[in-house]
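A, B, C and D label the chains in the order they appear, each numbered from 1.
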């Protein structure tokens, strides 16, 4: 496994944040957000982060690349509830030739809700692993 | 709209059924299956019905067709709970050159849980509406 | 069935709108937003509409009520794509003692993407149908 | 973090397996199963494993307990496709007083599709961490 589970709980260690409101459809019969819902929030925040960096994800796809998810980790600390606004602090924690890791700190009303990380591989349109093109390395390595 | 809301509550009016167990991820904070979960169950049952008819959906896609959902209706009568087994009775209620309607009766332990219908359009690989090829007409018109 | 399929395509017939960006998790292998994703968008827009009216949904639940979905209709006209911003025009089209209908017009870049409607029943905390309390009647009947 | 990322790729190291067919709703615009879909599969397999052990999850909930997900890890190796049957090998890898880890090996047609692990905490009906009752310890420690 490539993933590092060393994830900061300090918001200032993250380059970006994105606020997401918990949908009722995302809750479960325990009365809180289902643990799989967080995975879509990480992705949504990632997509907004790329937009902020200047390269919206559809543009990356239009150039023939995808950022496949290779590994995923989440540590759930405090349940998010329906209608809560979850602030997803997001940043790139490491970048190599063909893979990179993103870390996430999820906060609800100032309390840590969850920590998470995803490892991504750059793939071409056929799903084959490939080196990141230089513009992507510049985009992500500096973020 | 093309859809007919005249949906039978009699299981014997349906050609096929498929049993689906309600996942915990499909429940919501009201403690029952979320109403959007049923939509995926209809689809799963449709896919099994096509397999039963002899043409698995991936084969339809491999031949360059998709069955786009044009309309959807659901009438929720009695909540399905986590771990319930939902029997999805499924049948084709009408078939025209390029569209057809499927009806569904969802039953849990002998009680009607929901009625539903979907109207589909035959589309080519680019998503454009097209006439159903003869094998598909034979497949669906007789079902 | 109680639902009326007479749904306006004119945005000015709706009291409210809410913008939702299509998540990658909401797409499917046809390359567009999966038809079940729309159901969660309708709900999210409904929740924001109630907030705008002055009674956030969690407050309705805290008062011992839920707005169960009894019927659902959707007419898909034009696929929404990943990263599209879907404007969900939302309004109440009829209100009776214990049930009401909401209509939705979904628009992407000025083009109609889908029409939809939901019929809701007011239920108490145990899920039993009940008359809407007077504050809810005032809230919804005038909206 | 409590999770161990040491997850076996040998099916015979797992006590149980459960087969799940990939739904079209679970795919994404990359043409494969979305990485969040796997999370629901792990859960469904866990639920079937508990049933096999003799204590269906609804019974655990009826006794006032829930098995909250504290940590989640997934390593995606090979995409699952629409209509694939994913065999989810499932087992308990460690058990302590109030938490336990489950490991998963996901296989499609004999090829490793993904490895995963979840760490669970026993909680009471209010969501508070609690020691596992003796019947649960016996149930899970021996599995």
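In the analysis below, a residue touches a chain if its C-beta (ideal position, glycine included) is under 8 Å from a C-beta of that chain, and two chains touch if they have at least 3 such contacts.
Predicted model only: the values in this text are computed from it and were never measured.
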If you tally the C-beta contacts, which comes out ahead, A-B or B-D?
B-D
Which chain maximises the distance between its CA centroid and that of subunit D?
C
Cα centre of subunit A to Cα centre of subunit D, whole Å, reads 22
On a C-alpha centroid basis, what's the spacing between subunit B and subunit D, in Å?
29
Between subunit A and subunit B, the Cα-mean centres are separated in Å by 34
Residues of subunit A that touch at least two other chains are 24-25, 32, 36, 39-40, 43, 82
Can you name the residues of subunit D that touch subunit A in the complex?
1, 3, 5, 30, 32, 35-36, 39-40, 43, 66, 68-76, 79, 127
Report the residues of subunit D in contact with subunit B in the complex, numbered from low to high.
21, 23-26, 39-40, 43-44, 47, 56-58, 81-83
So in the complex, the part of subunit D that touches subunit C is made up of which residues?
24-25, 27-29, 31-32, 34, 36, 82
